[in-house]
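To keep things simple, chains are lettered A, B and C as they appear, and every chain counts its residues starting from 1.
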Amino acid sequence: MDLNALKYAKSHEWISAQGQTATVGITDFAVHQLTDLVHIELPRIGRTVRQGEAFGEVESVKAVSDLYSPAAGEIVAVNDALADDLAVLSDDPFGKGWMIKLKLADPSLPGLLDRAAYEALCADESEHA
Amino acid sequence: MRNLLAAKPLFELAHAGRRGCTFPASDVPERSIEALVPKSQISASLPELPELAEPDVIRHFVNLSTLNMSVDTHFYPLGSCTMKYNPKRHERLARLPGLVDLHPYQVDEAAQGMLAILFEMQEMLAEISGLPAVSLHPAAGAQGELTALLVAAAYFRDKGQHRTKVLFPASAHGTNPASAALAGFECVQLKGSAHGLVDLEELNAHLDETAAVFMITNPNTLGLFEPEIGRIARIMHDVGGLVYIDGANMNAILGITRPGDFGGDMMHFNVHKTFTGPHGAGGPGAGPIAVRDFLADYLPAPVVARRGGASDKPAYRLTVPSKSIGRMRTFFGNVGILLRGYLYLRTLGAEGLKAVSENAVLNANYLMTRLSDVLPTPHGKRCMHEFVASARAVQKERGISAMDIAKRLLDYGFHAPTVYFPLVVPEAMMMEPTETESKETLDAFADAIHKIVAEDPKFLHEAPHSTLVSRPDDVQAARKPILKWEPSAS
Amino acid sequence: MTYLFNTPDQRREMLQAVGAQSIDELFDQVPADCRLSRALELPSPLTEMELEREVSVLAGRNVAGGKRVCLMGGGVYDHFIPAAVDEVVSRGEFYTAYTPYQAEASQGSLQAFFEYQSLVCRLTGMDISNASMYEGGTSVSEAAFMAMRVTGRHDKVVVLGSVNPEYREVLRSYLSNLKCELVVLPTPEGTAQLADVKKALDDKTACLVFQHPNFFGCLEEPEELARLARSVGALSIVAFDPISLGLLRRPGDYGADVAVAEGQSLGIPMQYGGPFLGIFTCREKFVRKMPGRLVGRTTDRIGRPCYVLTLQAREQHIRREKATSNICTNQGLLALRATAYLSLVGPQGLKEAAELCCRKAHYAAERLTSIPGVKLAFDRPFFKEFTLRCTGGAEAILLKARQAGFDLGPSLSRFGTAIGDSLKDAVLVAVTEKRTKREIDDLAAALGG
């Protein structure tokens, strides 16, 4: 996965567009921040989401975090394998750890960060943590 | 000496054919059960319970009890929990025949003693809160919150107002937003000020005609009395909203100041905290609420009323307020716990109750001072009944976290303080010594902390060392939960 | 001043260390205009001896403690409590401990709650149990809210009229500020009419709530009711009587999705209505949507088995407004009572208790309905409780019984519109294993049978 080819949301999701559809997951930075994930809730196929709307959540022992959709669209696939083994998410967040696939409402992916801007955001958040 | 054999899982102590309790033979004319109940309804097998003798059961649970820390055995300075001594007279008197075995549907004239106690409890809580109308009904503090919010909702509905928002500071207990959401309100969390207090500008910015209730704990979760509480209440009242006081920290202000006097419209008491419930390893509690007169008609049912004037009718009766929101639970309330609170208040009286808060505040300030060199308290020079110290300095300098100190304290024979709450203090250690601890205990505790922060950090990461088990693997427990005993798992 | 330690000398020393002149100075942060300028007006303090004398007098003004024979029901029952149950909960290490958040210092309570969960699962045949809730009524409401989360249906809850009216009232209050419709299905025959139930359920229904044995004492057809709920994708929620499971099929056997109960029968005294025990069990797949505390087994740092509060991310202290409930306690001490009770009675004891209740209740029903003007309200099988209609009126028979030294009831008119006028001449009678043939005969004789 070429991380420079992805787009990022400020809430630490990544998105990779392939024409009309896109794959969504969370970044290695997010996985690291959340520590010891224990459970994930993903949506049903067929649901439509707005940009910035929560599509699911991840749970660690002492925290719960919403997962926000970086783009608007209809959910056409869900990575059910994550529910059985969250280690996949920690080991390969940009690959086998993908979460949903979207049929995009707007394939131009507006309002997201590129890799450089996202890395700057992470650096900034680490400093203030 | 612990008997670990007896502390094995209950199911592994069982032996087929053993009995712990037998019942007399039936004395009514014998008929087969199948003649009484349709066969299709009858279970084909016996209940799958373990078979144990009475001594097995006693030895098992008595040994399990020794695996706990408790107020009866240890100093337990758990912040926001008010772990004070639980007087033994309460246990004996709450079990008196006539109290412990009274059916909740007993007619009022045959329950006059109980109703007299409950009526007096209502009166005492009204006086302590400065709020005249009391319901003893809610089962615990969180249910008190939910009840009061539904009272507020009914009141606004009645006035034809559509108010949808409940506001609370970021430092609020999790029950505040959870109760508000359950009651159907939208939750608005307010950022606190740099001093750990309510930020008036932030509050003002979120107020409009949809604001229903502002929920606030006072003293707050940092152990500080909100100095602007009067203004906060005025601001809220000016937009037509109500102020809810979370009574979790009442132990600081008994007889000193009253929620009704500083602008509260509604509040709950935690009888299991402030009035020595006891805590029962997680419950039962009791969460009576007190409200202003204009909210009295909406209180949940039933409440106890006293008949005025001369009458041959019984003095006390259960009544339903005219616009009552209804019931929040079955029956009257958690009477067993309310009784203990009543016994406590009758033992102390006004002067004794004020002395509780004075000594709770003195103990907390003393402990805060004793620890200030190693665990400074970032907010406030003085505290009320509890304070939130920070282990940030010792963590930066030596890599020792609040959790390390908490766990190591167990080795020294002290229960840990509350850690990592509230979130506004990094490496928070929230300590509430209560009034029922001696200076000697506080000194010994402070000495232990001074020793701990000088210990080898690596050793501390692995603490506790003296308990029967060390830090549990929470991640494993949550990923693949094992929530019951299975034969194969042993 | 009874429970304070520090002497005036010590208080002075402590103030000096703090740097304050007086205790009053410590309260400087409380603004003067908020301060109470007078003493609280409370009754004068009492010594232990005085308190005991006064409270004993008040306790004596209640009719309980064997002054009259108790055949009262309606959700709270005079069952036998073995002495060993009281002994277990009298351990200060249990009752003066806090919620077991610090697992290393709370293995006793944690293991006891794990055993409680395990026993309740075995008793009910359900997959999982939480570590308990307030009492039966709120357990029903919490179950309905869980059903809404699980099904994603937030518009409609259906509950049978044969469910305890107080459970229904609690549910109504909990739903009062929400948009969800509460449909109460009348049960004029004493139990559900399956055709009516079928009509009331649709694809908007989150759950069907029924009680078995129901409020009137009658046995429902639980398997059929659970099936009807399932057929529209709703959850079936049953409120059961724990003692009945010494005899009747278990909720897990007849396919209930959620089984809740008032656990008072399991070694908990009646104490005028609480604290009691809310039992809450359900299917394993709902575990992360469940309300209330859960204890799990895990291992410690070096692999030793131990117990810990788990799946806490569901709860209010972490998930706040999105929590599965606002509940912050469990009924720890009452769960401990139930655990000790079930351990003591065991399979054989529970069966004996259940059969005794059933036999004696049927004998009592037979004797009481031989009285002119007294008949069973419903021609339905029952377990330990039954509903009588009295042509002379409910109050008259209750009064006559009281005068003869017996408490029956409650009268159904107590519940007002939640029951309705058609049963205003009806009373409940509950017969536990504690009642004797002699008592029942005496009661029948006194009432004219």
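The definition used in the following text is that a contact is a pair of C-beta atoms (placed from the backbone, for glycine too) under 8 Å apart; a residue touches a chain by one contact, two chains touch by 3 or more.
Computed from a prediction, not measured in an experiment: that's the story for all the values here.
Peer 1: Let me check something: if the centre of a chain is the mean of its CA atoms, which chain is farthest from subunit B?
Peer 2: When every chain centre is compared against subunit B, the largest gap points to A.
Peer 1: Please work out which of B-C and A-C is bridged by more C-beta pairs in contact, and write that pair.
Peer 2: By the number of C-beta pairs in contact, the winner is B-C.
Peer 1: So, what's the distance in Å between the C-alpha centres of subunit B and subunit A?
Peer 2: 39
Peer 1: Let me have the rounded angstrom distance from the C-alpha centre of subunit B over to the C-alpha centre of subunit C, please.
Peer 2: 19
Peer 1: In whole angstrom, what separates the CA-based centres of subunit A and subunit C?
Peer 2: Computed value for the inter-centroid distance: 44 Å.
Peer 1: Two or more other chains touching the same residue: where does that happen in subunit B?
Peer 2: 474, 478, in rising order.
Peer 1: Could you check subunit C for residues that touch two or more other chains and list them?
Peer 2: Residues 312-313, 318-319, 322 of subunit C touch two or more partner chains.
Peer 1: Where in subunit A do residues touch two or more other chains at once?
Peer 2: Residues 38-39, 59, 61-62 of subunit A touch two or more partner chains.
Peer 1: Would you mind writing out the residues of subunit A in touch with subunit C in their complex?
Peer 2: Residues of subunit A touching subunit C: 38-39, 41, 59-64.
Peer 1: What residues on subunit B touch subunit A, complex-wise?
Peer 2: 474-475, 478-479
Peer 1: How about subunit C: which of its residues touch subunit A in the complex?
Peer 2: 288, 312-313, 318-319, 322
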